[in-house]
Structures are given as C-alpha cells and as structure tokens.
Amino acid sequence: MARHSRLFVRGLEEMRHHFGEKADQLVARVSGISEEFGKLNVEVPYGELYTRTVLDDRVRELCTVAALTVMGHALPQLRLHVEGALNCGATKEEVVEVIMQMIAYGGFPSATNALLTAKEAFDDWDASGASQTSRSV
Amino acid sequence: MARHSRLFVRGLEEMRHHFGEKADQLVARVSGISEEFGKLNVEVPYGELYTRTVLDDRVRELCTVAALTVMGHALPQLRLHVEGALNCGATKEEVVEVIMQMIAYGGFPSATNALLTAKEAFDDWDASGASQTSRSV
Amino acid sequence: MARHSRLFVRGLEEMRHHFGEKADQLVARVSGISEEFGKLNVEVPYGELYTRTVLDDRVRELCTVAALTVMGHALPQLRLHVEGALNCGATKEEVVEVIMQMIAYGGFPSATNALLTAKEAFDDWDASGASQTSRSV
Amino acid sequence: MARHSRLFVRGLEEMRHHFGEKADQLVARVSGISEEFGKLNVEVPYGELYTRTVLDDRVRELCTVAALTVMGHALPQLRLHVEGALNCGATKEEVVEVIMQMIAYGGFPSATNALLTAKEAFDDWDASGASQTSRSV
Amino acid sequence: MARHSRLFVRGLEEMRHHFGEKADQLVARVSGISEEFGKLNVEVPYGELYTRTVLDDRVRELCTVAALTVMGHALPQLRLHVEGALNCGATKEEVVEVIMQMIAYGGFPSATNALLTAKEAFDDWDASGASQTSRSV
Amino acid sequence: MARHSRLFVRGLEEMRHHFGEKADQLVARVSGISEEFGKLNVEVPYGELYTRTVLDDRVRELCTVAALTVMGHALPQLRLHVEGALNCGATKEEVVEVIMQMIAYGGFPSATNALLTAKEAFDDWDASGASQTSRSV
C-alpha cells in the first residue's frame, strides 16, 4: 500500500468525524478492490469538499441526505449519511424532515424508500449507543 | 376560479416569502393550464412542507438546491430555488458550495450545468436589486 | 394520533380500493416513522389524484406501472401497483404489455427488473385468492 | 437506402397513425444520421410493440406520456407523444391528468416541465387543425 | 413456443458468446413470463446491435459497463455484463478502470455500488474456472 | 488565482489532448464562477483518471459517450466528449455505434437526443478542420 498523501490523511480524519469507526471499514472494503478508487473516495469528497468551511457539517450532511433521497438508487450510501447527519449534530426529526421535503422533488417512492432506510439507520444508531457520545445537541 | 383553501393561502404566502413576485407568476402560469395542478403545487410543497418549523428556510432551500442539482433535468426549478436560497438568507458562496459538493453524488456534468444555471440566477438577482432588499444576513 | 382530515379518510378508502388490506399496513408502517409523511402519502396521491374522475383506475394504475418501470429504483412500489392494477380491472397480460412497451423508453434492464417483479406480484395475487374476489373482468 | 423489411413498413404505418406526417420527418431526420438507428426506431417500438393488440393505442400513449414525464430528460419525445395521445383518441384533459398523477411518482419539477411541454403540443395541435380531423371522440 | 426467427438464432448465439451457458438461463427466465419480451431481449441488443462489426465485443461490453454503472438501478445486469466483458477479452483491471472513470459522470455512490458488484462477478468468474477457458488475453 | 498544483497542470494538459483549445475555455468558464470547482474539474477526471494507462483514451471517450447518452440530462457534456472521442482516434461511425447500442440500456429517447447532439458535434468538427489535424486513423 502506497504511503498516503496529506489530502488522504485529512480526508480520512474527516470521514471518521462523520462516520466513526465505520470510516476505516468503508475505505478498507473499497481499497481492497481498487487502491485508486479508495484513494479518490477519501480524497475528493472528504479531503477536498467536506473540509471546506463555507458550510458546517450538519448542513452538508442534510444536503447529502436530500440528494441521495431523490437519486433513489443509493440506499446504502443514504443509510451511512443518515448516521453522518446524526453524528454531525442533526436530529432524527431533521433527517426525516429533509426526506419528507424530497417528496416534492423526487416523488413518493424514492422518499418512502429513503424514510424506511433512515429508520434502519436510526435503530442502529440507538443500539450502538452513538447517541450518547455523539456531538448532537 | 374556485375560492382558495386556507392551505393554498398559506402556501402562496410561503412562496412569496421565497420567490417574491415571481411566486404569483409561477402559479398563474401553471394554473392557466390546470387549476388542480396549480393548487397542488402551492399546497403540497409550500402549504404543507416548507411551513413546518423543524428546519429553517435557508437549510430547506440548500437541500432543494442539492436535490435539483443531482436530478439534472430540472434546471428551471434549480434557477428558481437558487433565488429562493438567496432570499431565505443563504449566500452565493453557500449555494455554490452545495452545488460543488454534489460533484461527489451526481457527478461533474449535472453539477457543472447547475453551477452555470446558478450563475444566471445570481446575475438576475443582482440586477433586480433583490440583494438590497432581501432578508439576507 | 391526530384526527384525520376528510381528505385522509377519502384517500385511505381509495387506497383500500386499490390495495385491499395492504393499504392499512402501508400507512401504518410509514406513519409509525412520521405521522406527517403518512398523512401526505394518503392525502396527495390517493385523496387528491386517484379520486378524480377524468381517468378510470385501471388506466391510472397502468400509467403508474409505466412510470415505476422506467424509474428503475422503485421496485417495491412497482410490485404494489401491479397488484393495484389487477385489483382495478387490468389483466396480467396488460400489465406485462405496459412493462414491455417501456423497453422503448427506459431500456431493457429496468424493464426486465420490472417484469421479474411483476411475476412475483402475480404469484402473490394468485396465492391470496384475490383473483377470485377482485373486480377483474 | 436498403429496401425496407415488412416490420419496418408495418412500423412506419403505425407511426403515421400516431403522428401523421411528422412520422416520416422524424424517420428521415434520424435515418439521415444513421440508417440502422432509424430502422430500429421504426421497427422496435412501432413495428413490434405498438401494433400488438393487448392494449389500445390511447392507453399505450397515455402510458408513454407517464413514463416520459417522470424521466424528465425527454421533453422533445414527450411533446411528440402528447400529439400521439390526442391523435389516438385521448383528450387534453386526460393527458393533463396523467401528467398531474406523475407528481406523486417523479415529483413536481419533471411534472411541471411536462405540463408546460404538453401545453405547447396542445397549441400546435389546435393550430394545425388536427383536432378537426383526428379520431378523437 | 413459436419457431425462432433467424434474428433470434443469431442473437442467442451472440449471447452465448458473451455469457456462456447463462445466456440460455436468462432467456428461459424472461421468456417463461413473456415469450415476446424474451424474443425482443435476444433479437434487439444481441441480434441487431452486438453482431454489428463497427466495434469489437470487448469495447462494446466496456461501454455497457459504463452505462450500467451510471444508471445505478441495474446491478443485476451490470453483474452479467462484467462477466460478458471478461468473456470478451477485457481484463478485471479494465473493468475496474471503467467503473472508476464513472465517478466523474455519475458520482461516487453508483460507482461504489458498481465496484462491489463487479467484485462479486469477478469471484464467481474465478470460481467457475471461466478464466481458464475464456478468450481473455 | 492560486498557483496550480502539478495535478492540475497534468490534468489541463490531458484536457487539451482531448478537447484542443476548448479545454482552456471550459476551465476558464467554470473557474470564473468557482475557482475550487474548476480545480476539481481539471484534477479529478483529467489529472487523476484519464491519465492512467489501463485504458487508452479512445476507449475511455467511447465509455464516456455511453454513460452520457443514458444519463440523458448531460447533452452539453456529451457534445464535448463526442469531439473528445474523435480527437482521441475514434471514428464517427464508432461514436454513432456506441450511442445506438445505448438504445438497449437507456431507451430510444435519450439515444435519439444523443444522436442528434453527436451530429452537431460532427458538423462542428468538420467545419473546424479538426479532422485534418487530429490523430484519427
């Protein structure tokens, strides 16, 4: 495995901030298939984009939840970012509210599937005790 | 024209808050083709969803910008909601930041087309003097 | 739980007409996560749209099957609406025909996945004896 | 230009039934770029699918309007099939109703763009006098 | 079962070239639900398109992998075409490279899901011993 | 304007190889709105992905044409990459062939719109004399 760039290190730190220990599992899973894919997955969204200070992480995660909801074909990623939203200070009510707002933009089927996926993420999050230790207000 | 429901009145008021005088033009354009379609367009997103207090209007509009960016086929609506975001207190930098974040979720083409559309909305907004009178902080 | 609006009551009755006892299960599942989401899901498509008399329910359900086929990411909803189509008087042959027509608009993969999903719905429908009691001609 | 297959001849006849003289213009435009593409465009949807008798042409065109509405990126084709729906016996009210129903499946932006496109098709259709000569009931 | 057209025979032969014995299983599965659908599925992509000589099969399969990756909702078909690509002479590295390139066009979620699907196809392909007997270079 | 990274310089060189002098125009247009967006647009697809040697540029561009065709909402980018394909050694016949193959995956409407867009790119390319100086075989 190549030594990591500073951008990668910064991105992985950002990922851990959003997803906790799942960050490393995700990167390992993807990098195990393609080192380069794993590198880009850490460096571009997390190293380059989420570390910028124009928006705070809670708003960024809610925007990502909105996008993944209307896309419809990215439920594993939605589930992860629902946890990310909670870890970055959003409440469950806010996550549900964003998904519900997406009824207007992507229709009921994708919003319904997103809502059911969010519920699974909520249950996991509660079971893991993350709600006790997160930075949620 | 049928008398409007309380939900419609509340929704139209919310639309005006987001889009100014364009709200009435939009409703008139759609209702001129189908009264029922215009009614739903006011009542569902604006009467039912945007008036709820779980999220503030600025975050709602940024989430809508995110969704419309990745959808790719809704540039007229994106243009409108870029103005809505500005009118609800988002900065141009924040709008650009959300669109740029969407590179990671919907790819470069839809994000690029969204960025160029946002620029047109920014120019209109500046020309109209809305930046002087909006509630932007 | 809030008392239901007349629109909700009318919508739920319409849903039962399309989906039988599954209607109440669906609403309960969604409303258990978000009361407001469940309310909109009943009121908007079923209370507002499907109750209008411009089109009969069989044609409406076939149009919905067409849309869900090309969308590709809404197979749970497609499965439900295949049952809805049968319950509203469409034949299995007509459902297959609409899905097959969608090859031309959304391509083979989404149409193939829709066909396989429809087959599951057909088998369920036969097993449930719905075919004996529905209004199918 | 190669001699046409029986499937092509049957398909082109079906296209003329739906789109009148525009059928030949469309085929000429596409075939002028790629003979094979034009051949498939006539043979597959029109020669193979629309000529089957399981569904009548009015219902087929309404299903196509539904699909093109939710796809969002096919407005030129939607415009054509709105005319096709009218030529096959659907009313303007039915076309609008299908598009409005799609609010529930694809959201407001794609349905709104479809409604505005349908209005253009209606105006063309009225101006062309097609409404006098079509088989509309 | 109707006697097959020459186009069907040619298409099925082409399918076997891409997918080996899975070709017949696929056709049987679809044709068991709808004879006509199975016929079109063989004749149009494989009888008409893949047999043309303008592009070789390896490039065709890589282009299909690209398309199915960005579509996002066609993972069963993607899995099949990853095998098709390998059987037509592409390497695993090339398949991964195409999927990775699609990050730029469809974003990370659909590319990640495609990568994980490709890995499953690779493992199957290795287990089946196809790698020993294919025409891969 | 910040000094460019080595990745940016390498990416811009790659872009010029694909798009000639239009590369700089594109980067200037995007960077004029957002410096960071322009940077990512050069660095990620062109600096990171297209410069890798696993696939040659002609195959990469044909894969991109395939993806942009089925996406349907990225015609400006498709037009650009049709030129890119030609500049990287693909023939017009090959570009048309890829687009035609996409009928099977994304349906006729998106493939038709892609074909018409490719024709515009071909005409531009011929008019510009690029066909005289490109590396096309």
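Per-chain residue numbering starts at 1, and chain names A, B, C, D, E and F are given in the order in which the chains are listed.
By our rule, a residue touches a chain if its C-beta (ideal position, glycine included) is under 8 Å from a C-beta of that chain, and two chains touch if they have at least 3 such contacts.
Just so it is clear, the structure is predicted and the values come from calculations on it, not from any experiment.
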Graph separation of chain B and chain F (steps between touching chains): 1
Pair in A-D, B-D or E-F that repeats B-F, with over half of contact pairs matching by residue number: B-D
Mean-CA-position distance for chain D and chain C (Å): 25
Distance between chain centroids, defined by C-alpha means - chain A, chain C (Å): 31
Centroid distance [mean C-alpha coordinates] between chain F and chain C, Å: 41
For chain E, residues contacting two or more additional chains: 36, 40, 44-45, 52, 68, 70-74, 100, 102-106, 108-109
Chain A - residues contacting chain F, complex: 36, 40, 44, 48, 52
Chain C - residues contacting chain E, complex: 71-73, 96, 99-100, 103, 108-113, 115-116, 118-119
Partner chain B, residues of chain F touching it in the complex: 29-30, 33-34, 36-37, 40-41, 44-45, 68, 71-74, 76-77
Parts of chain A lying in touch with chain D, wherever the complex brings them together: 70, 102-109
Touching residues on chain A, where the partner in the complex is chain B: 44-45, 49-50, 52, 54-55, 59-60, 62-71, 74, 93-94, 97-98, 100-106
